[in-house]
Structure formats: structure tokens, C-alpha cells
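Below you'll find the structure I mean.
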Amino acid sequence: MSGLSLHKKIEEHTGLLIFGILFVTALGGLVQLLPILNQDSLSTATANSHLYTAVELTGRDIYMREGCSVCHSQQIRPLIAEVERYGPYSRADEFVYDRPFMWGSKRTGPDLHRIGGKYSDDWHRIHLLDPRAVIPASIMPAYPWLEKRDASQTGNVTAKLRALRTLGHPYTDEDIEAAEADLDGLKEIDALIAYLQILGTSYSEETAL
Amino acid sequence: MEAVSENTYHDRIVIRLIQFSVLWAVAGMLAGVYISAELIWPGLDFGQFWLSFGRLRPLHTNGIIFGFGVSALMATAFYSVQRTSHVPLFAPKLAWFICYGWQIIVLLGGLSLLAGWNTTKEYAELEWPFDIAIAVLWVSFGIVFFGTIATRKIKPIYISNWFYGALIIVIAMLHIVNNLAIPVTIDKSYSIYAGAQDAVVQWWYGHNAVGFLLTGGFLGMVYYFLPKHAERPIWSYRLSVVAFWAFAYTYIWAGPHHLHYNSVPEWVQSLAMVMSVVLLAPSWATMINGIMTVSSAWEKLRTDPALKFIVLSLAFYGLATFEGPMMSIRSVNVVSHFTDWTIGHVHSGALGWNAMITYGTFYFMVPRLVGRELHSVRLANIHFALALAGTLLYIVAMWAAGVSQGLLWLSVDQLGELSFGFRDIMASMTPYYLLRLVAGLIFLTGTFLMTYNLFMTLKGQHATKVTVPAVNPAYGV
Amino acid sequence: MGSGIYSFLLLKAFYKPFEAFTELAKVDPSPISIIFRYSLWLMLLPPVFSLIGAANFGWRLGANEPLMMGPNSLILISVGYFFVLLFGLVTTAIISCWMAGTYGASESLGRHFALITIVAQPLAIASIAHLFPDVLVNVLILIPTLIWSMYLLYKGIPIALDTPPERGMLMASSLVGWLLVAAVSLLGISMALWTMGVGPLLGV
């Protein structure tokens, strides 16, 4: 039986086994990833895409650092109940500047993709410093250190913008030079709130795909 | 490092890796219990950033997968590859480098997570310096493992080695591709992928990390240790061949089932759904192989607590590999996505399958490694009851929580308006979270018992020197 | 054998399950008789209790107000509940009988039906908790009952089906595996049906 004798060859030869495994396991990835990575509409900015400013990017990095995406998703599914609760469902072009994506895999707290503009800055401030002050039954942790740390302590924002530019984000030289100064006088909590307040706001029904 | 004769197996390293694995199990599960308590009493972080849920959660997942899981896989891989190849480990110094190097990565990596170095990509949260270190160590692991196989004295490569081999090769491929990023500072990098493209790459990685690390590697454990334990060969060789290749091929496609109804092309979601359902067959083929092998060895259950763990682990493996494909179906996923049902599914696998098979294997290996009886069979039996109870309770609690959340989030009334507010729904989760906390405590207690039992067995003992047996010329190289 | 075993089962199995198992090992009852004289009545308890509880108190899920449903929904749920329990009992007994050969256990189908019913009996009776459909109350009562039922399964199989304890343990574990798969399938099928419109209103 040639099937089993072919297999006998593979299982008696280290190199063939390694190659066989690599070949068989690479296939699925190639078929799924290559078309997706080559699909321009998934990575081309449109009117719905928002390039993060230095302050917003800092806020996003704080969001990442604190692990917010572990409880909050940023992906509204095209389901009636979800659109009613959170707003228009998420489109791919809204995420072209998200490195990495943060769609999340769990909602312990509500989806935040279109949280921008829904609550005031003051509400966010109180909520982040003590969630139970505005939502008594909330189980969200408090983040008191965010109002103590300067936004510039989050990281080297100039280097960040430069790195993102090499990846294709259209930051101008002025953007990059002004980045550090943009953070002057701001605490981390301000940057985070700035990020939260733009989430989902670039989307417009008229320009939606 | 004592001189090891040319012809004895390197088993001290196996013992060391088992010790580390058990310690990480305790640490990782403690973290798990703590964060599950935080979901009930959020004040348990005492306002400290290093106790904050968002930072402890990846500590838990990384500690368990990379600390507990990988150390166990390395220990069992090193043990079994030597014996199935009839040669001592290839490049033993490199193996020791891997052993300690890995623990340092897990420890420092864990601390970096507390410090907030976090890529937020699940099970790939460690930042780029650690990614490089992991890649170096992983290649070394491959060298030692495949080197041992390449220098073997026995002609055929036994099936457990195919699974460990697939673990090594696939994780290398996934790790390198998914973690490609532009470094900015030592603690920060930006993924070269963005948005929807990043999502597909991440879940190609994430799902197959589960597939080849948590499933494939541990199947390698089953294929070696179960026949040894039961003192019978695997029930069907032919089935195991088909199951291996079908498993290795099919699993890779399933990633995008994490992205149903998300903003990625529909074709990749549907393709993943179909392949996930197909995956049920090779998974259950292995389960059946295992169950039939152990069924004929039933008398050993009387005296051997470890075998109980193996039997139940196969049952939970069956559950988890059935539940996964089922949750990959769109109309079920619509309810389960983003809910605690996903968490329940993860833990039916992690507790019921991974932890139990590892515990059973450790209870089998440790006494043999030092040539004496297990310190207490009674404690091991109590551990079994605790592990079973904890796992079942966890699953039931999360099924209830997940289904409630999913359905209540989707509920609309006759006018088409939402029936329930998000806050009210989440507030009603408390009883389930309490149950889950109790379940975790029960499971952790069992783990403590095992830690004590194994360390008492190892206390003051040295690895027995095992001479490599002669090879039957019929199978010789 | 006559009707003795059945009345024995109904009463004794409740407070002396191990004696019931021992008696069961001596007989080969007819599966149909077991179902109609014993199992069916037990399977009626949970749906009836849940109907009464839901109609009077509504489902209390821990959120603010209880969820009150109209009579159509309530009856649909209770009838569905009954058929699911019946389906579960019948399939588990049949699968148990199918597995029996592998584990050297008795292959009398009637005995398997009786065994599974005895194991499920504590849960059927504890379903009285459904009279007050609060999640926490039901969970606190039914989970310890479930633990007791599983204990009955592991201990009862070797006695009732006449096989060594170790083989009984393996068989019980396989049945637990089946039950887990059945439970999760039930979850999945219910979800699939609900999202396709068979069930309460959902905005998918």
C-alpha cells in the first residue's frame, strides 16, 4: 500500500518529517493570510479613518498598557441589538491606523468603539479615577496613578511617530517635531480621555462603504 | 553538573523542568484565582498598578501557558525523545541553557507585564526583547529535540515525536510571523500589521498556539506516556497516522472563527467555520485511540491514581474539541462571542485536558525518575476528586454566565428596543463569578496537594541513572 | 419480577439508592415499563416546577426586574424542557448500554434505563428549586445535588451492572464525557434555534 509506505519513508527520515510538517501546516496560513494581507481596502485610509495625534496616540498606548482591551471590545457587530446599543457597526477602514488592532475578545465592560463624544471629559475623569463613583455596581478597577503621571512619562512620543511613519502613517515633519510639546502640561489621564473621545467619531454614514 | 556517562539518559533536566512546571502552575493559578476575585471585589487591587486586573490577566495566561505548559512540554519531550530514539539528549549543555533560559524569560516577562510592557495581542503580549529571546530559545529547543531524533539508534520516529516536532515547528512559524514589529524603545513596539489584517494574523497565531502548543504538544504526551502507563501499545497505529496529518493540516485554518461578524472578509470567516467543524474528526480520532488504549488496562486503576487523571483528561479533551467546533458555527457564535462562554471553553480545555493530563503524567514520571514510590497515593486520589470537581464547577458556572450574557445582550422587546441595560446584565453575573472563584480555589487546592506530594517524593533523591537499552536489530538504524 | 421492582424503585431509590442498585443487579426489567412507570413521572417534575415558578415569580436573573413571560413562551419552554430531559434520559441509557460490552457490564437495556433514572432522581426532586426561579438559589441547590448524582453514577454502575469497580469507573467517566458533550450540544442547538427565530425575540 503506497500510502503507508510513503509514510514509512517520512517517519524514518528526520528531514522529510520536518519538511512534511512545515509544508502541511503552512498551507492554511498561506491561503488565508496572503489574500488578506494583499487586500488594499483593508489597509487603505478613507474618510472614516482617523490618524491619531500625538496626544491621542499616547492615550492609546496607555489604554494598551493598562490592559483595557482585556475587558472592553472595540468591534460592533452587524447585529440589530448591537447597533442599537453601541451605534453603527464597525467597518474595516476605521482600523487602518490601529497597531495593533484592539477589537478585543471579551466584554466584561461595554464595547468602546463608538464611545467618543458619548460622555463628557469630566465624566471620564471621575470614572477612570473611581468607577463606582458614577456606576455603583461597576467592577472596573480604578486608575488613580493616571492623574499623577505626566503624559510625557508614557514613552518617547517623537520616536513613536517616527516609527509609525515608516509603517506608512502620514505624519508630517511638523507633527513629529511638535509631538513632545503637544504633551506639555498634560497628565496621562488627559491623554487617555483624548483617545477615548475620538473613538468611532470619524465614521460617517455618508462616506461609509 | 555531574558527568553523565555516554550511555545514560539525561534525566536531571527532566526533573528540574517538572519542578519549574509545578511552581508555575501554582503561581499561574494563584494569579487566576486572584483576578477572578477581583471581578467580584474590584477593590482587591488596593489602588496599585501591579495588582490591576488588566496587568494581572496576561500574567495569569502567560504564567500558565508558557510557565506551566511549556515547561511540562519540554520535560516530557526531553524524557520521551531520548527513550524513543535510544540515545541520550543531543547537546545536553544546550538543553540546560534552554531549561534555565526559559524560566528566566517567563519570570522577567511576567514582571514586564506588571510594568505594563504589553502588546495586547493575546498570548503574544510580551514585548519585542522577549520575542527575540523566545525565538532564540525555541530554535535551541528545536536543535536539541531534532538533533536527538537525527542521531537516533532506532529507525522509525515514534509518533509522539511527530506531535512534539509539530509543536516546535509550528510555534516557531507562528511566533515569528505574528510578532513582527518595529521597535521604538525597549518596552514598546508597533506591529507591522494594522487593523483587520492584524486581526487575521493574530488569530491565525492565537488559535494555533492553542492548537499546537496546548493541543498538539500534549497529544505528544499522550502518545508516549499513555501506552507506557497502560503497558499496552496504542490501540490503532493507522488511526494515529491519519489523525496526526489531518490534525496538523486542518487546525491551521480555524483561526478566523474568532472573528465571526467582525470587520474582516466573509469568506475567511466561513472557511474557518467549515474547517473548525471538520477538525472535530481528527481530534476525536486521537481521543478514541487513547480511550481504547486505556480501557484494556483497567485493573491498574485500582492502584494507580495517575491513570484516573489520564482517563478524565481524555473525556474533557473530547468535550473541548467538540465544543470548539460547535462554537465556531456562526449561529452559536453570535451568542457566545465576547462572553464568558469563551472563557468556560478555554478552561474546560486548560483545566480538564491540559492540567489533568500533565498531572497524571507527572504522577507517573516522578516516582520512576527517582526510583521510589509516590509519597502519598491517598493525597493523589484526593487531588483527583478536587481537580474533577473544580473543573466541572468552573465549566458550569461559565456556561451559565456566558449564555445569559449573550442572550440578554441580544434581547429586544416587541418594539425592537433593547430589553436590558448592559450594566444590569453584568451586575447579574456575580453569582456565577462567585461559583467560578470557588471552582478555582478547589482546583488550586488540588494543585497544592500535588506540589507537596511531588516535592516530598523528590526530596533528597537523585535521578536514577538509566542505561540506554540495546536496540532490537530489526528496528536498528 | 412483576411490578415489585418498579414500586421498589420509586420509593426505595430515593432514600436507599445503594439497595436499589443491588436489587437492580438481580433483574432484567423491560425498558418500556421502566420509562412509563418510573422515569416519565420524574421527568415531569422539573418542567412543572419551572412552569409554576416562572408564571408566578418570573425568571430572576439577578438584574433588576424579574423577567415575566407570556403563557405561550412559558408553555413552550416547559414542554421543550420535558422533551429535552426525556431525550437526554433515553439517549444516555442507550449509549450506556452500547458501551457496556467494552467494560464487561450487563447489557440489559432495562437495567440501564433504571440505573440512569436512579442517578437522575435526586436532580428531578431537587428541581423543586425551580419554584422560585432565582439563579443563585437554583445553583446553590442543584450543584450539590449534581455532585451527589455523579457520586451515585460512579458507585452505582459497578453494583447495578455487575462489573469490577475499576471498569465501572472507566465506564462512568465515558458517560460523563457523553453527558458533557450532550450538555454543550444542547446549549449550542438552543442558541442556534433562538438566533434563527425559534424562541424569545432576539435582535440578531
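Here are a few things to note about the model shown:
Letters A, B and C mark the chains as written, and numbering starts fresh at 1 in each.
Here, a contact is a pair of C-beta atoms (placed from the backbone, for glycine too) under 8 Å apart; a residue touches a chain by one contact, two chains touch by 3 or more.
These numbers were taken from a predicted model, which means no experiment stands behind them.
If the chains shown are joined wherever they touch, the resulting network links each chain directly to all the rest. Per-pair counts of C-beta contacts peak for the chains A-B.
Put simply, the C-alpha centre of subunit B and that of subunit C have 33 angstrom between them.
Subunit A and subunit B have Cα centroids separated by 27 Å. One simple way to say how far apart two chains are is to compare their mean CA positions; for subunit A and subunit C this gives 46 Å. In subunit A, the residues that touch at least two other chains are 79-82, 84.
Residues of subunit B found to touch two or more other chains are 334, 410-412, 416, 418, 427. Residues of subunit C in contact with two or more other chains: 202-204. Residues of subunit C that touch subunit A in their complex: 202-204.
Of all residues in subunit B, those touching subunit A in their complex are 38-40, 42, 45, 47, 49, 52-55, 57-58, 116-122, 146, 149-150, 155-157, 159, 162, 165-166, 169-170, 173, 177, 182-185, 187-188, 190-202, 204, 212, 238, 241, 245, 248-253, 255-256, 258-259, 261-265, 268, 271-272, 275, 334, 337-340, 342-343, 405, 409-412, 416-418, 422-423, 426-427. Subunit B makes touch with subunit C in their complex at residues 291, 294-295, 298-302, 308, 311-312, 314-316, 318-319, 322-323, 326-327, 329, 331-332, 334-336, 341, 348, 389, 393, 395-396, 399-400, 403-404, 406-408, 410-414, 416, 418, 420, 424-425, 427-432, 435.
Residues 4, 7-8, 11-12, 14, 17-18, 21-22, 24-29, 31-33, 36-37, 39, 42-43, 61, 64-71, 73, 75, 77-82, 84-85, 89-92, 94-110, 131-132, 135, 137-145, 155-156, 159-160, 163-164, 166-167 of subunit A are the ones touching subunit B in the complex.
Contact residues of subunit A toward subunit C in the complex are 79-82, 84.
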